[in-house]
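Note that the chains are named A, B, C, D, E and F in the order they appear, and that numbering of residues resets to 1 at the start of each chain.
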Amino acid sequence: MIALLLRDLKLAFRAGGGFGLGLAFFLIVTVMVPFSVGPQSALLSTIAPGVLWLGALLACLLSLDRLLALDWEDGSLDLLATAPLPLEAVVTIKALAHWITTGLPLVLAAPVLGVLLNLPVAGFSWLVVSLLVGTPALSVIGTFGAALTVGLKRGGLLLSLLVLPLYVPTLIFGAEAARRGAVGMDTGTPMLMLAGITAATVALLPFASAAVLRVNLR
Amino acid sequence: MIALLLRDLKLAFRAGGGFGLGLAFFLIVTVMVPFSVGPQSALLSTIAPGVLWLGALLACLLSLDRLLALDWEDGSLDLLATAPLPLEAVVTIKALAHWITTGLPLVLAAPVLGVLLNLPVAGFSWLVVSLLVGTPALSVIGTFGAALTVGLKRGGLLLSLLVLPLYVPTLIFGAEAARRGAVGMDTGTPMLMLAGITAATVALLPFASAAVLRVNLR
Amino acid sequence: MMPELGKYADTVLSAYVASIALLGLLVVVSLWRGRRVRAEMKEIEERAARNG
Amino acid sequence: MTLTVTDLSIARGGIPVLQGLGFDLRPGTALVVRGPNGIGKTTLLRTLAGLQPPLSGHITGAEDTIAYAGHSDGIKPTLTVTENLTFWASVFGTAEIRPALEAFELNDLATRHAGNLSAGQKRRLGLSRLLVTGRPIWVLDEPTVSLDVSAVAMFATAVRAHLSQGGCALIATHIDLGLDAAVLDVGPFRAKPRPVTDFDGDFL
Amino acid sequence: MTLTVTDLSIARGGIPVLQGLGFDLRPGTALVVRGPNGIGKTTLLRTLAGLQPPLSGHITGAEDTIAYAGHSDGIKPTLTVTENLTFWASVFGTAEIRPALEAFELNDLATRHAGNLSAGQKRRLGLSRLLVTGRPIWVLDEPTVSLDVSAVAMFATAVRAHLSQGGCALIATHIDLGLDAAVLDVGPFRAKPRPVTDFDGDFL
Amino acid sequence: MTFSTKANALWEYANPKKFLATTERVLPFFWASAAACLAVGLIWGFFFTPDDYRQGATVKIIYLHVPAALLAINAWFMMLLTSLIWLIRRHHVSALAARAAAPVGVVMTLIALATGAIWGQPMWGTWWAWDPRLTSFLILFLFYLGYIALWEAIENPDTAADLTSVLCLVGSVFAILSRYAVNFWNQGLHQGASVMRIEAVTGGDTQEKVSNVFFYPLLVCIVGFVLLFVALVLYRTGTEIRARRIRALLARERVGA
């Protein structure tokens, strides 16, 4: 299991930085928002928490299609399925590796990008906390989507289509928590829900992912 | 040449609809915006033109990494490069096919999604016109990025990183035209610039794309 | 010796610290990698010369 | 560790391809699966490896004993040869990759990125993975594709060594491996189409 | 349409692999390229096909006359066999795909999606593409991988027919094709390392 | 005639060995003079210049901000030039020099951005504003990142040199285009989002004397930064040349084996 995690992390770094690039996408999406909605700082600071959450979500999403696809194409998944490692463990590790290479850097970069969008000072801590709690759910749900679409050529967009609706609750509660934090409101309920979603998906979804993966392999 | 275009279109439809999926992504991004920035209609209608342009751009971007990668993986590109067809023509056709399967549907769907975001009535026609003029540039620039990264494993995110700054001028003028249109201002200059960018990229960039593709094939 | 920076002391100092740290980091990393690559090349050249 | 297959029927893409297959694979023996293109050899091997369920029939002795090597090698181009092998070794809980490297003469290539290997070198790496699985039953789908004569001999030696240690091997191939092995021609087991009137049967 | 190669040196990944190669390939003849794994056969064929520039040396007669078939087939899994072939036929400006289908007995599979073919069937489709290119020089990299005996015979027949029409073929392979062809062993042409002191030469 | 011999003499330095030998000799000079200029300029600026009448002590940031901003742009121009040389004359040292300069350019961009942000906090009341100049700098930063990422992602050095050169070329055109686009965009709906324009705060036009007080140390600092840039690029180019040589030697060992 550790070997798999280490290999996935190594692959992410070798491939020109799974790290750097997920981050870069987040950065660029954030930068593009003022170009598209205009540079007024009051407007930007209103939409900042939402945009940052959406940007993080899209950055996650974009890296999903390679999560299992590369292992599928070169036959590694077949071999892993016949190895003495339950497929549930495989998908959990894959999700963990995805979070470490994508979710975690996003959490760390979010405050910097908050500056670009004039995020109110009160909002920074809540943004970071909500992302920290929410991104693991994004990785786990994304792994499920990747497992569903792994055999399909051009699964990339189909994957987005399947995963985005699943991301809705996470996004709503996460962005709500960040938004409330930014204007100094109480963030209790959305944070609680967010934590609940993460806990539940982390605990349960790997079973579903393993099941669909098994179907896709045969 | 026509055969290549037809094949690419056919492949897009067969693979579960290049059409449908690009669109679906656009739809979902647009739908996610109210979830993330909150449902106030005044705010939404201010940011609507920008969000729609950004959504269109991201939908384009997401479909780029398969633009050449599939043909590369199965060896088709090698064979096309030895076929009696200049590589410049190949990349132009590829860009055209990408535009037909991605850009055009986005243009057609934009008004519908404008309704969801309370786009002011005056904005609809300008939104459509600016997208119609701007999306070909997005496809051509994207093809250049795809040609640059085609040989690389996990090129997807690198592709985004390379292409997004190249998209900046198109986005700025396009979104500006749509925004000015929505508030009834004069759209002459941005539309002119947008048309200029599209004309120039369509005329020149395929040569650069073919050149880098040739380097990547060797 | 320290000049009077007034209420902007933090600003000015942090700008200097940040810039000099970045420059220093760049120089150190460049030199470090340069040294390593130089040593490695020498080693390989010697090995190649020995093996003919 | 005898692999026993009785009255096996298998399908690919929902269409039955082979039926009525039965054989034993005893420790120390190898079995070469032959048959024309498209008869269903790959499907058979994937079924044995547990990657897809059989239509009907029984497979015993396959649980956690099979090392499968299919058309693709599961090699990561950005990892070196050693890293690729070490990874599989630790997944299968074996520690030693040296013998595997030696058996396929990969020592010179050990620090190369696998993406920079030629077709045959890549294949050798894929085969050497079998040695680090520590599994007794090898199920191999056209293992000698792209291999030159000396590499085919390496492979035959590796298989012989495996057999002499009590392992066994099931190999689908179109060429002659120079192995002393029984041959199973799956041609005669081609699935007979069901009668057209069997409406419900089409849902399997 | 003679393909003439003189004093050719080629590199892969910036590293010279073969040097001093020279041969003629005259109409009606076939040449089989042999050599151990990793010697540079694939690199040679790609260079001849114009996919990569040679380090030095000359290739004449290769311009727009070569049909190349590499390790991968360029087959689209979501298109049917006919659609795949028709596409390549129209790219190369030839109209008729019937003979190609017949030569490799693909008629029964014509309406199948190429993704649902077995390894050997896919390969047969890849080879049939050669017939629709209408190009006189075939440059083939291990064409018979995954083929069964009867399919190898089909391939040999196709090559013979091509030669008898004045075409020629250059085939890299490790197995015996049953063709009456000259053999070019590239083993002796392995590139010699440059002297260590040639500092600037390392930049090619 | 003289021109062509001169030009040929210049091209000789495209020979890696000669380049290494020459830089080996001149580098100590560059390192030393860069250090000297930076020390003099920064100490002069930091300790011995008065506060600006409007900006107070923050004006001292100019000694870092402006040279870094200058170099950030000019490093890209240098890369464009060397990329063109690679594409046209295929001198490897030229391509490697572009590669060596990029990280230096990024750091300069980062310094300009960081000092600007730190400066903006007291002056404009915000760390960041979407002023055209700042924005185009951010875009430049993204171009640098993409360029470096592409170099890192490709294994074959010649392929990497070709691809990054084309990217640098195309990127330059788009960077200039972006600059105009951004200018247009921020004047668009909101005129003068930031009341304090950069030109306004130097007070250059109104207070000639004060300006000179700031100007001379600034000049020294700029010279120092330029020297440091040259030293770094020469040194790093040497490193890249050696790294390439190592690659070739390893390959040679492999072929011999």
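For the reader, a short list of remarks on this structure follows.
Going forward, a residue touches a chain if its C-beta (ideal position, glycine included) is under 8 Å from a C-beta of that chain, and two chains touch if they have at least 3 such contacts.
Protein identities per chain, from UniProt: A, B = Heme exporter protein B; C = Heme exporter protein D; D, E = Heme exporter protein A; F = Heme exporter protein C.
No experiment lies behind these values; they were computed from the predicted model shown.
In this assembly, the chain whose C-alpha centre lies farthest from chain D is F.
Seen from the Cα centre of chain A, the chain whose own Cα centre is farthest off is E.
Of all chain pairs, the one linked by the largest number of contacting C-beta pairs is A-B. Rounded to whole angstrom, the centroid-to-centroid distance between chain A and chain C, based on C-alpha atoms, equals 35 Å.
Averaging Cα coordinates per chain places chain A and chain E 44 Å apart.
Once the centre of each chain is set as its mean CA position, chain D and chain F turn out to be 56 Å apart. Residues of chain A in contact with two or more other chains: 15-16, 21, 24, 28, 35, 38, 73, 153. Shown for chain C are the residues in touch with two or more other chains, namely 45, 48.
Shown for chain F are the residues that touch two or more other chains, namely 139, 142, 145, 149, 153, 155, 185, 188-189, 245, 249, 252-254, 256. Chain F makes touch with chain B in their complex at residues 139, 142-143, 145-146, 149-150, 153-154, 159, 162-163, 166-167, 169-171, 174-175, 177-178, 180-182, 184-185, 188-189.
The part of chain F that touches chain E in the complex is made up of residues 15-17, 92, 155-158, 244-245, 247-249, 251-256. Residues of chain B that touch chain A in their complex: 15-16, 18, 21-22, 24-25, 28-29, 32-33, 35-38, 43, 46-47, 49-51, 53-54, 57-58, 62-63, 65-66, 70, 73, 152-154, 156-158, 160-161, 164-165, 167-168, 171-172, 175, 179.
The touching residues of chain E, counted against chain B in their complex, run 46, 49-53, 64, 66-68, 70-76, 78-79, 83, 86-88, 90-93, 129, 133.
Residue ranges of chain A in contact with chain D, taken from their complex: 2-4, 7, 10-11, 14-15, 71, 73-76, 78-85, 217-218.
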